[in-house]
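We call the chains A, B, C and D, going by the order they appear; numbering starts again at 1 in every chain.
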Amino acid sequence: MPVPTSPAEAAPVRVGLIGAGRIGVSHATLLARRVAGARLVAVADPRPGVAADVAESLGARAEEDPAAIFAADDVEAVVITASSTAHAELVVAAARAGKAVFCEKPMAMSAEDAARAVAAADEAGVSLQVGFNRRFDPGFAAAHDAIEAGRIGSVQLMRSLTRDPGLANPAGVPPWTIFTQTLIHDFDALLWLNPGANAVSVHATADALVAPEFKDAGLLDTAVVVIRFDNGAIATAEASFSAAYGYDVRGEVFGSGGMVTAGDGSTSTRHLLTADGDTVETSRSDTDLFAVAYTGELAAFCDAVRGGTEPVVTGRDAQRALAIALACIESVETGGTVDVKPVGA
Amino acid sequence: MPVPTSPAEAAPVRVGLIGAGRIGVSHATLLARRVAGARLVAVADPRPGVAADVAESLGARAEEDPAAIFAADDVEAVVITASSTAHAELVVAAARAGKAVFCEKPMAMSAEDAARAVAAADEAGVSLQVGFNRRFDPGFAAAHDAIEAGRIGSVQLMRSLTRDPGLANPAGVPPWTIFTQTLIHDFDALLWLNPGANAVSVHATADALVAPEFKDAGLLDTAVVVIRFDNGAIATAEASFSAAYGYDVRGEVFGSGGMVTAGDGSTSTRHLLTADGDTVETSRSDTDLFAVAYTGELAAFCDAVRGGTEPVVTGRDAQRALAIALACIESVETGGTVDVKPVGA
Amino acid sequence: MPVPTSPAEAAPVRVGLIGAGRIGVSHATLLARRVAGARLVAVADPRPGVAADVAESLGARAEEDPAAIFAADDVEAVVITASSTAHAELVVAAARAGKAVFCEKPMAMSAEDAARAVAAADEAGVSLQVGFNRRFDPGFAAAHDAIEAGRIGSVQLMRSLTRDPGLANPAGVPPWTIFTQTLIHDFDALLWLNPGANAVSVHATADALVAPEFKDAGLLDTAVVVIRFDNGAIATAEASFSAAYGYDVRGEVFGSGGMVTAGDGSTSTRHLLTADGDTVETSRSDTDLFAVAYTGELAAFCDAVRGGTEPVVTGRDAQRALAIALACIESVETGGTVDVKPVGA
Amino acid sequence: MPVPTSPAEAAPVRVGLIGAGRIGVSHATLLARRVAGARLVAVADPRPGVAADVAESLGARAEEDPAAIFAADDVEAVVITASSTAHAELVVAAARAGKAVFCEKPMAMSAEDAARAVAAADEAGVSLQVGFNRRFDPGFAAAHDAIEAGRIGSVQLMRSLTRDPGLANPAGVPPWTIFTQTLIHDFDALLWLNPGANAVSVHATADALVAPEFKDAGLLDTAVVVIRFDNGAIATAEASFSAAYGYDVRGEVFGSGGMVTAGDGSTSTRHLLTADGDTVETSRSDTDLFAVAYTGELAAFCDAVRGGTEPVVTGRDAQRALAIALACIESVETGGTVDVKPVGA
């Protein structure tokens, strides 16, 4: 991982972060302590006292109202890690306030909201980057490089999976989360690893195998999706909300000339051999497995903001992944194969 | 791999083999040279001279007419490695002649033929084993042991794949081969690795990505199948007729308590590190990757014949795998999800 | 592992085995049940009843006196798996009786005895093969192929190690066993993997770390040896009598153009992932880890006997490995670097 | 890798760096851009213009005279990445100037210089940390944790190796570099991974196998060292100046209860499978392989400086590793086993 090369004399990007939940705290900490091109100046969270805790320890000021972030003159860029349903609205508000935006996935929960968010950023002329973390994982990035370089020929079969280490509280999870929040990573990864191709149709199978008692409430915790692409490739995306062995993210792309795989869940090179066998540790969380990727995506965002270049992962990428997620929901509801709606130009 | 423990003073099972194609020659050689419990006495192939070549080098006699095998008093058991369309009829004939039968997959191409073959063996009271090789691969067997022992909890997600190293002559391949001959291995593996569960429905996606010019002739060379089981498990089976890197067979079973995987395509423990990186060799063929499994299944068959015990892989197993394959064909034809027909008691 | 290609019409080699201890029973079983080119006709063991047990179960006759094997007209070849101190004398006796000889390592405990054994075989014109198992392990063989093919350039650094899964009874182990019986495998492997080179000198360090209470009795259970070769290569050989995680045999050869490694101790491709991490099984014993190699070396011996060709591992190879072991003993005794005595032409 | 938890409101440590060679530029960049607890204020290098290049791009000022760093009021801590022979003198000068010191290995080239450097830091009451990078590599750190936790029992056999990807210019390398600069890492690692034990004696073997034409000039590029510890453990340390496949650092510790290994040279989780086999990339340089470790050691240094705690790797650690290196030199010169001089209290 090369250290970013943007001119250091350029001042760090002054960032305000909205939403101090688990991933918000992680991103805030990385911005304050690992991303040289960023300076965390404010953290906002509507829950009383929540922003203060994290802001104080990181040398930033706390706000309860996100609007204070948008109004702040010393904030150039906003990192949105609020609850998913609020994302699109916050992107629009940030863009209208002239702030560059990094928005955690999903950028929006509907195609209309996604289009509004992208349009707002376009109109404001601000950078808009979405938090698809595979793009910045060294293994996935190397796989992408190999595919782009033609080392596996034309893509024919693909697989991407996300398995979470555990579902803390099924009661609080919105019904279609597995598609809009979990598999959305895989949908982006599959689009990215099949360069130039578009998703045509999906067939989704989903069930409540982890927490069957929440099935009636509409919570699906296990899903398998088959996606057809317009270059013929057939992809499988798979997710579970409860992997006993840790956070598991893997990708596999098979082509006419070979195969690349990425992701193995191990978190160090250590092997421990005992009477139980030869064991490597597996990751405990996304912030563990994607420590490098999370730092990298925030650094790349700051570089894009400061350098005036287009972000590596755009709002349009979010729209394309969302279109697959929405088709999956319809597929589960109808039991059939569903066309993926093209994202308007 | 423990050496089989059947009494050695028992005479070897006298075997006649029918069909001296590639896999027939491999099985004949193993029977003659690696399976102590077998004695290869005859090889039959209707193609003039074909049986003679292999029989002579292995100390067996050659026949052109399979009927000569069935009529031979010194043949106790028949190994069928003829062309797939002839399998069921040969099983019936062998059983009626009172011979124990080892039949390469697929045992039959239709549910009716499969039922006839099983009935013939039952009526004759002869052993009938089918050539599902994963069962005898040490990695898959160890995975099965872990599942049976409850080490991964209840099965939720599964994957099995078969990728062949290359399609020599697409012109000669019957249309539904990818389901009836290739994925049938995966269907059996998935049933075996999900003990006690039955396949309920399938959704199959298939295309001609390797040899598109043969698509009009009905040849599908790439397929992805999603299978639902009655214990809720969702499985993916995947096949390609052309893997540039070799013969690739893998399995993955994910449950409430963990995951097991089996198969990695490497054929030795050697690593070669050069400026190109760290490289392990991959297998070139099924007879390479499954050398141990092919020996093991033939040895187990002979043990079952001599010991009078039921084979490890039965005709009923072949019927269950075939039922999935047939549902896949219907799924491709209709584009929808298709119920798997239960195999009659 | 290709099935051996010697003419099948050739009659199997009729083998008598001497010494029905653990490895003797393993070899006898492989000869009877896995090596098509062998027929086990007799098993001898001076301990009353010991030979009978194994012989009966394998369809061979039992003898108490090894001399009965040498005298038997129906024995063409002798496999010696007796206690190490008896090996050389048995090789001489077998050769004088005109029998081909496969002798487990060590062929002899002194240079004089080794020379006598080789001379006896030469004079009698019989095949003499020694049981250096790495030669027949697929990983080590592939490493050897890469070295021979020049893929790692000229050899500079080497490593070979043997770790046993446990020392059952230290009381019964002769003092220098770690060099003459355990590391002798590594010495042969290092000579074989450094083609054309000769060992020049050794510096050995050894101690009783596993069973310190037996140190006064002269039992050394842990050793590290540094060997210089006449092509400049520096090798390390390492052994322990008690590896908690199983039988561990590995090799590493580093050259001007790259590196090869072989051996990883895992016994199947299965991975089991749980909250404890990602675990593969490790081997429990040499007969487990080297199942393929043990079969292969006995099959190769029979092929050499029947084909009249020189064995792949000769008595001279045993002499060269022993010369290193003997230099190690002197090195431990003197604390200095010791020249390896060249093996006379 | 957890993000450091020192109070963020604490001001970053103001660092001056001396020596803008390859590793100096890498450390300067990490200090400026990856270590939130550091602020790089000055870079000194006596070679005209060299400091200016790196300082300018990182927002620091350039100096030609290291003394300017020591005299600067705005410098709290000095990072020494000058040529090895100057290290000890620079440590002493920095300490006398009241600056905390991070010194790249080797801290000194003689026991006397090492003692002087440590004494100077002690007298000045400043922090002194040495750049032993394994300590901060996640795999090695996890191995250390397992050993400390008793998971492999008592240590019996150890191995540590360093292989550099290539020797750019043998002409410029001082004679004993392989011990004082390369293997010194391994000596520290072995001491650290054998907690509580002391090195007793060494036997070193070294040669010029990479660049034989420089042997007469005293340059040794390949070495194997055997070290005895006072707890009985026997360790091997091994180095080469030219590994065709990349930068290779590995460790292995075997104990009465199991084994841990660390380091595998791969730099991402990507596998590329083609007709050539299954390949993972290997690291190209130490700054690639140890990107995380280099950041971690500088962050830990700043934390220790700001927190007033003892550094994780001390000057005494440097003395202990140097004592082994010096004994190795004597061992090569005499050909015998040499006692390691204890480091005075």
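Definition applied: a residue touches a chain if its C-beta (ideal position, glycine included) is under 8 Å from a C-beta of that chain, and two chains touch if they have at least 3 such contacts.
Computed from a predicted model, the values in this text were never measured in an experiment.
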Exercise for review: Would you pick out the chains that touch subunit C and also touch subunit D?
Suggested key: A, B
**Study point:** Steps needed, at minimum, to go from subunit B to subunit C via contacts
**Key:** 1
Check your understanding: What chain lies farthest away from subunit A once each centre is taken as the mean of the Cα atoms?
Key -> C
Point to revise | Inter-chain centre distance, subunit B versus subunit D - centres from mean C-alpha coordinates, in Å | key: 55
Practice item. Would you mind pulling out the distance in Å between where the CA atoms of subunit A average out and where those of subunit D do? Key: 37
Review point. Counting in whole Å, what is the centre-to-centre distance of subunit A and subunit B, each centre being its mean C-alpha position?
Key: 41
**Study point:** Residue numbers of subunit C (touch at least two other chains)
**Key:** 152, 244-245, 257-259, 266, 272-275, 281
Review point. Subunit A touches which residues of subunit B in the complex?
Key: 152-154, 156-157, 159, 163, 203, 205, 207, 209-210, 222-224, 226, 228, 232-234, 236, 238, 240, 242-245, 248, 254, 256-259, 335-337
Practice item. Enumerate the contact residues on subunit C facing subunit A in the complex. Key: 244-246, 265-266, 272-282
Revision key, fill the gap. The answer for subunit C against subunit B in the complex is residues 1, 3-4, 7-9, 29-30, 32-34, 36-37, 56-59, 137-143, 146, 151-152, 257-264, 266-275, 281, 291
